Structure formats: structure tokens, C-alpha cells
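We just call them A, B, C and D in the order they show up, numbering each chain from 1.
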Amino acid sequence: MAKKQKPARRSKRACDSARLSGGVGAVIDDLVIGNRILYVEGVVDSYGHISARDPRNPERFLMSRARAPGLVTADDIMEFGLDGEPVEREDRPIYSERFIHSEIYRARPDVMAVVHSHSPTVIPFSVTQVPLKPIRGPFLYPEVPVFDTRSAAGWTDLLISNPALGKALAHTLGQNSVALMRGHGDVVVASTVRKVVYRAIYTEANAKLLLQAKMLGGSITYLAPEEAAIIEKEQARDRRGHGSDRTWEMWRQEALARTGKLR
Amino acid sequence: MAKKQKPARRSKRACDSARLSGGVGAVIDDLVIGNRILYVEGVVDSYGHISARDPRNPERFLMSRARAPGLVTADDIMEFGLDGEPVEREDRPIYSERFIHSEIYRARPDVMAVVHSHSPTVIPFSVTQVPLKPIRGPFLYPEVPVFDTRSAAGWTDLLISNPALGKALAHTLGQNSVALMRGHGDVVVASTVRKVVYRAIYTEANAKLLLQAKMLGGSITYLAPEEAAIIEKEQARDRRGHGSDRTWEMWRQEALARTGKLR
Amino acid sequence: MAKKQKPARRSKRACDSARLSGGVGAVIDDLVIGNRILYVEGVVDSYGHISARDPRNPERFLMSRARAPGLVTADDIMEFGLDGEPVEREDRPIYSERFIHSEIYRARPDVMAVVHSHSPTVIPFSVTQVPLKPIRGPFLYPEVPVFDTRSAAGWTDLLISNPALGKALAHTLGQNSVALMRGHGDVVVASTVRKVVYRAIYTEANAKLLLQAKMLGGSITYLAPEEAAIIEKEQARDRRGHGSDRTWEMWRQEALARTGKLR
Amino acid sequence: MAKKQKPARRSKRACDSARLSGGVGAVIDDLVIGNRILYVEGVVDSYGHISARDPRNPERFLMSRARAPGLVTADDIMEFGLDGEPVEREDRPIYSERFIHSEIYRARPDVMAVVHSHSPTVIPFSVTQVPLKPIRGPFLYPEVPVFDTRSAAGWTDLLISNPALGKALAHTLGQNSVALMRGHGDVVVASTVRKVVYRAIYTEANAKLLLQAKMLGGSITYLAPEEAAIIEKEQARDRRGHGSDRTWEMWRQEALARTGKLR
């Protein structure tokens, strides 16, 4: 009878969950959903990645093994040190550009989450002299610097595939929230996974608005730095139903509907 | 046995329905569908809102609690006074910009429904000197004024988050059907929920047409005000199977297919 | 018992089917699918219509009652005379612009199917001086004339809502396959429903290609009239698996997957 | 009774499978999925085709019968000789432009897979003087030549419908990976099906990036040939979870979700 089943053996997954105390389970959940959202919203294609600093240990961060973001599950999430190397399961393929993440976490103690993407409307701004200024995105202040591997290291494959390039990119990013990478994409940082997803999506949206404003021609009224400061301060209040809390509920539902279960 | 169940207690929802006599149930249904349509048709993302004046009391209007429009259900609809404050359930998060709605309802007795959106192709017109003139949209006459919080109140977060800003926006809107909001979006008004959805969608569509005509270059033949007047008069006949009656049937089906049940 | 059911009464639908002998059933099937395809491929939104000349009687044509094309079923198809008036079921709402169809069937005995749409990328060409010339669409030769209600009838609502306007449009169309309608859309004609759907879709596609070529700048190599003539001759061979036979199989499947059953 | 069924006769499909030893089954699987991916990713519509050189016999290649790529199943795959003619099943409709494939396989022993498409954002580059240079696509070096049937053969229907035109196109392609075809589309080659799909998709993506960079105006920083060489060398390492291995997993899942089973 049903009552006489033998005790379920403790699954590897249950062990994982136990290991993941201290809030890290929630961060991994957000990381998986964040991967899916970035894919469904068109910020990443089969490339690009999102990471979160480990809430248990600021010297480590969490990120998927090398896999298309639209397919990432909790089982894919690995832990990395600030040297960019995996803490365990070294047999799995990992992102070549993990040094984007490791070096930014090292340089910016305030940053808890990082997105690297080939955000399609952002790239044109990385290869022209037109600055990606804010129409609506307050986090594009103070500025959106452009990093070029060519200036930093001469002829390369454009990938941030070692700590030195990661360090140079982090240096260009400085205290900003977004940096473009010439002919390649961008990097976006924030204080939570939900906020970095929000910023990555609205960086792409702002690029579309600016491109279209350019096409209309004439002078453009940008968001003023004074206005941006007020918006940022308001959003930092983290009110339920506002800001990234509202967007996350919507994007999460869309992402699950489009890409299926999380495990 | 099944037959001996005790009488179902009168559910909160049934009470709500009873309370909602006088045609308000139909308005709420349209409001919920309207939220979903605006999302599915790309006029709103996780932000933006749609309201309707309460058919039982012109001093009140109905609108969702603070939530992404694509997720709104009948249970989310709340009632607000013309001071922009909720009549009950004050514990719920509400839209900061509800004063767009309250002040327009106050200033424009003819307006029965209001949409505020970040309509993506409309925003570029709000930050350039190119006026959003009608290629096809008759309701864009007499004109589409541009409201700028900067002129009205100096440095702000661009949000219409108090009655004074709502009043200033309503003043800029005047007797027009659409006003742009600089670096932010637009506000659209009409005499029913179905018509305001229609106008919001075709404001975005007209912006796309005009942007593309601008890209082709040369002079543009706009809809003449005389033509617009004839179209508006014809559409006011509200014939079954025409105008917003035809579009609503299609958009409703798409919205339900994409966003699921209403409750 | 199941075996003793009384004989099924002959349903209204069965009667309809019997009435529809002489190949007209196949035309209605294509008309219904054609409505759905034009919607799914983005040529029509909730407006626009497609008709076919009645194969049993060249003085009549078949078209849906006034309804969004994406929702049209076989039951919606009605029969009209060349005066643009319905042969029966006069109680139903019908398209105001049915005179586009009636007057073209009257003027062009070779035309067996007509599409009227608000094809989004085509409209910009109707309000600028940039001619819609063929990059790939051979049927855009000899030319794509632009009809303007303003020249034909002064201030109107732009709709072809009477026989005189239909006649004027048919006159502008002449022996061409496509005519633009200023600030409104286009009309496309062909010798079958499948071909007119093909042409309507590739008129929109050609407009997109030309718009983008214009954005790149410089001179454009159009399809030569000599090349167009050879393509048209080749396509007239109607080979299985080629031309509109290949596209119909694909579009039909997409349309059914997106809009559901036909009845 | 069910148990007494006579032995299933060996189905034609089983025979096919037996016949397809030597790795060709895997190639056919990729070819079918590749067809679907190119459709779902918007590189082909109902036209365009993808082929693979037969791994058992370099003098033959595999390609679908004449059918929309989004519908292709394993049963549709046929075998062709380097004369462009089918080895068997000559009753089926076949692509008129199969000589694109046959002549490229003849001229380029290194090429194992070929895509021909009407890639929408690529075509504008084929009719203007703006070269399709790489923003991100290293395989666009050394150059992307433009083939024009008009130069090769005067007035034609633009189709590569005989060996002479195929040979002329192959000659224009030379040792490059991509050639444009004026007013028509492009041809893309690679060493595997997965890589040619990757290149076809990123050729379209690169065209979009370049078009947008052109719209922003001013000088453009292209990928340098030195950088392209390093990227190509790195990608040739074929690491698991990287390059076309990562994209294939994602695109395959999307294609199956959108277009259904393979048989």
C-alpha cells in the first residue's frame, strides 16, 4: 500500500538544496529565471551570460556552465572564484568570458549581479561615434564608456578570455552601470539579479528609442542628469509593485511560458 | 454524500459582483481585457495603465492596483476618487501616476477612459522637434501636444505623481485626444474603454508609419483635417462589425490566447 | 442503443455544402485560409479583406461579412453582385469598402481574386514621392500607381464606400497588379486566391527591402522589366512545389497553428 | 488476438535507415533540423534551401525535394549528383536552383554544407553599393562578393537554374564563405551543417547591425581582418558548449517547439 513505501532516499538535488542555505537558493532561482528572461526579451541569443555574487561569500560568484541562456536550469549553475575559475566540477564546459564577471566583482564591491550580452541595438553604438545617452534610462549616467579590446590588447578575438582583459574592462566601466564593448555587446551591473535584468532590458530599449530619434533627425532632448538622479533615488526605495518588482512578475511569467519548466 | 454539502457561503467574489451592478461589471471586464490587449499589442510593457470612469459615479474611476497590465485580473481593479486616492483597500500598492487619470477625468467630463503608456515608437517624437501628425489616425487632430515635466515643475523623476502635475498635463492635453510626455510616453483619452484601446494602438501604428515615411524622405501627404473630421463622424456611428467593435473581437481573442484566463 | 439513433437531420451546413457545388467549395476554403494567412503574415490587422470571383458566375464575388480577417470562417463568406450589394443575408454587417472589389471585378475580367489591406510598410510609399519599385517582386511592373481619394472626390473619409470611388480606383489600377491608396493601404489583384495572397505578402516584403535599401543610401539596382517578364512567365507555369503552391502549404500550416480551426 | 499479429513487414523507412549507414543518418537529421531552424530564425521564408555533401560519396549531396524549409522532414531528403540531377525518385518536384549547390560542391572540395536564402536584411546590400562588411562576423572575410545574373547571363529570371549559372556563381564566391546574389539573396558555405546554419543566421544578424550603424551615421569601426583570423582559428577548435555547438542546442529546441516533430 501507498503507506508502506520505503523512505525516499535523499536525492542529490535535496543535498544541493541543503547546501544552498543562507539565501543562495533564492539567488539561484533568480539567476535561472534571469537567464530565461534575457533570452525571451531578446537581450541575449545563444550567447551572453548573467551572474550573481554569492550571498554567502563575496569572493565567489554563481553563473551557468557554458550553455545558451534560454536553456539554463538550476543544475547548470556553478560557483566561481574571483580568479574566474570554477570551485568544483571542472570537467564541464565553462564560458570563456567569465573574467568579465570575476574582475568586475573584484573591482566593484557594490556590484552583486552582472550581465554580459550581445544586445542587438546596443552594438551599433559600440562601432560608431554616437554615444548611448539616456532618453529614459537613468542608470546610463554618468556615462556609457566604450571598451575596445584593440586599445587594451591589440589584435584579439574580442573575447574577455583572461583576467587582464577583464581587469581592463572593469577599469573602463569604472563606477558606471553600463559599458559597451566594441563590435561585441555590453556589460551591465547592479545590486541584485532582478535589477541587472531590468537594466539590461532597458539598455536595449533605450538604444532603440535613441536610434529612432536619430532617424527622425534634429536635436534630441535627453534625460537630464538631475532627472536621472531623482529617478534613481526613487527606484532605490524598492517598493512592492514598483520598479523591478513589477517587471519581474511579468517577465518571469513570459519566460516560463516560452521556455518551460526550470528543472 | 455530494448532495448533502452545506450551502456554499456567499463568496467575496459574488458579493463583488452584486456590488457591481449598473453596468460596471461590463466596464471592468473591458478594463481587464484592455490591459491584456495593450500588452499583447506592444503598447505597454510592464508599465503603463488604463482606467475607466465609473459608470455609476462620474466622480470616481476604476483602475488596476500597481501591476503589469499583461497580468491584470478583475480582482486587481480598484476604485479611485478624483483626488487620485483609492476608495478602499488602501493596503495595496497603487500606480504612482494615478493623477494622470484623476486630473483628466476632472478636466474633461467627456472622457470616459484613459490610457497612459510608454508606447515605444511614440517616445522618439516626444524628444525631437518632429510633430506626430496623422498619416491615418484622425483622432490625432487638432494636434498632439507635448508635455514636459521640466517646463511644468523643473527637475523631477518625470512621473505624474501628484495632482499638480496631473493638472498641468490635463491642461496641455486640452481638448485633444492624445498628448505626448517628453522622454516618457503618451496619454490617450476616449469615450469608452474599447475606443481608448483602439486609439492607443493606432497612435503607435501611426508613429511607425510616420517614422518610415520620414526615412523615405521628401514631403509627406498627411491626412487633412477635413478628412479627419469626416472619418471621426463616421466612426461615431458605432456600427456593429465596424470601427472598434471589429478590432475588439480580434484583439480580445489574441489577448486571451496569449495571456490566459481573466481570473 | 447507439445503433437505433434516428437519422441525422440534414444540417444547414450540409445544405450549404450541397449548394456550393461547381468548385466554389474549394474557393471558399482558400478564401478562409487566405484571410487567416494575411493576418498571421502581418499584411492585414483587424481591417482589410480578400475576395474571389464566384467560379459559377463571373458577375458575383465571395467575401466575408464585416469581420477581422483573422477570425473569418466559412460561415462568414457571403455572395455579392457587381453592384457591391449582398445577394442574401442582408441583415449582416458588411465591409464598407466592398466597392473596391465589385468595381475591379467589373473592369478586369482577368482578375479572379482581390486583396485590400493596410499593409504597414506599403503605406509610407503612399504618402511620399518615393515609388514602390521592385527589388524582387515582378508583379510590381508595369508600375504601382497611387490612388488618392482627394483627387477623385475631394474631402472624404478615404474609404472606397460607393461605386463611383470603386470605379475611380479601378481606373487608376488599370492593367497593373497593385495600386497604392494614399494614407490608407493598397489593393492587389491576381488570377487565383493563392496568387493574390502571394502577391499581397510579397508587396509588403518588397516595400521592406526597398525601405532598407533607401536607408543604406546611394543608387539602387531594381529588378529590370525584362527580368520581371521572364519571372512572371516562369511562374505562370504553375508547377507543383513551386511558386504559390510552395508558399501556400507553409502559410496554411502557420495560419491554422496560430488562428485555429476553420469552422 | 493482438498477440497473433503477423510479423510487421520491414517498412520502407526501416530500409531507408539501413541504407543510410556510414554517418549519413546524422547528417540527414541535422539537415532536417537545419531547415526548420533557418525558417524559425527568419533566414528563409517558404523559399531557400540547405544541403550537405554526402559523407559516403563526395560526388553527391543531400537536399530536400522542392518544399518550404519549415515543413521539411527526413522523408523529403533526396540525393543529387554534382550535375544537379536527382539520383532517384525523379518524379518529385525539386528545387530549380539546385545548381547553386552542385557547382559549389564541385568547385570547393572543402565545403560540406551550403545554404541559399533570401535573407531579408542581406538583400538590401545586394542592390546598393554598400558592402556587407563585418561588425562581428569573422567569416565575412576576405570579402562578400556580389553576384549578378545580369552580368553573367543578361536577362534571366534571376534563378540559378542551370549548371552554367551555378558555375558562374561558384566562381564569384571563390574562396569566400558568403556571396550575395543581386535582388535575390545569398549563398553561405561551411564545413558542416551546423556551421553553415550558424553562418547564415549571423550573416543576417551582421546585416542588421551594419544597417543600424549606417543609420546612426559617421564612421564605423569594422572587425579587423586580423581579429577575424583569430576568431576563426579559435572557433575551429570545436569545443563542446562553444560556437555552433551552443547555438545548435538552443535553435534546435526552438525549431522543434515551433514546427513540430521531424517525421
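One rule holds for everything that comes next: a residue touches a chain if its C-beta (ideal position, glycine included) is under 8 Å from a C-beta of that chain, and two chains touch if they have at least 3 such contacts.
All figures in this text were calculated on a predicted structure; none of them were measured in a lab.
Q: I want to confirm something about chain C and chain D. Since they are copies of the same sequence, is their interface symmetric in residue numbering (over half shared, so same) or not (under half, so different)?
A: Comparing the two copies, chain C and chain D contact each other through largely different residue numbers, since under half are shared.
Q: Could you find the chain whose CA centre sits the greatest distance from that of chain A?
A: In terms of C-alpha centroids, the chain at the greatest distance from chain A is C.
Q: Can you compute the centre-to-centre distance for chain A and chain C, using the mean CA position of each chain? Integer Å is fine.
A: 46
Q: Taking each chain's centre as the mean of its CA atoms, how far is chain B from chain C in angstrom?
A: 33
Q: I need the residues of chain B touching at least two other chains; which ones are they?
A: As it turns out, chain B has residues touching two or more other chains at 215.
Q: What pattern do the touching chains form: line, ring, star, complete or other?
A: Its topology is that of a ring.
Q: Would you mind giving me the full set of chain pairs in touch?
A: Every pair of chains meeting the touch criterion: A-B, A-D, B-C, C-D.
Q: Tell me, which parts of chain A touch chain B in their complex?
A: 135-136, 205, 208-209, 212-213, 215-224, 226-227, 230-231, 234, 239-242, 246-247, 249-251, 253-254
Q: Which bits of chain A are touching chain D when the two form their complex?
A: Of all residues in chain A, those touching chain D are 45-47, 65-68, 70-71, 92-94, 96, 118, 120-121, 123-125, 127-130, 148, 150, 155-159, 182-184, 211, 214-215.
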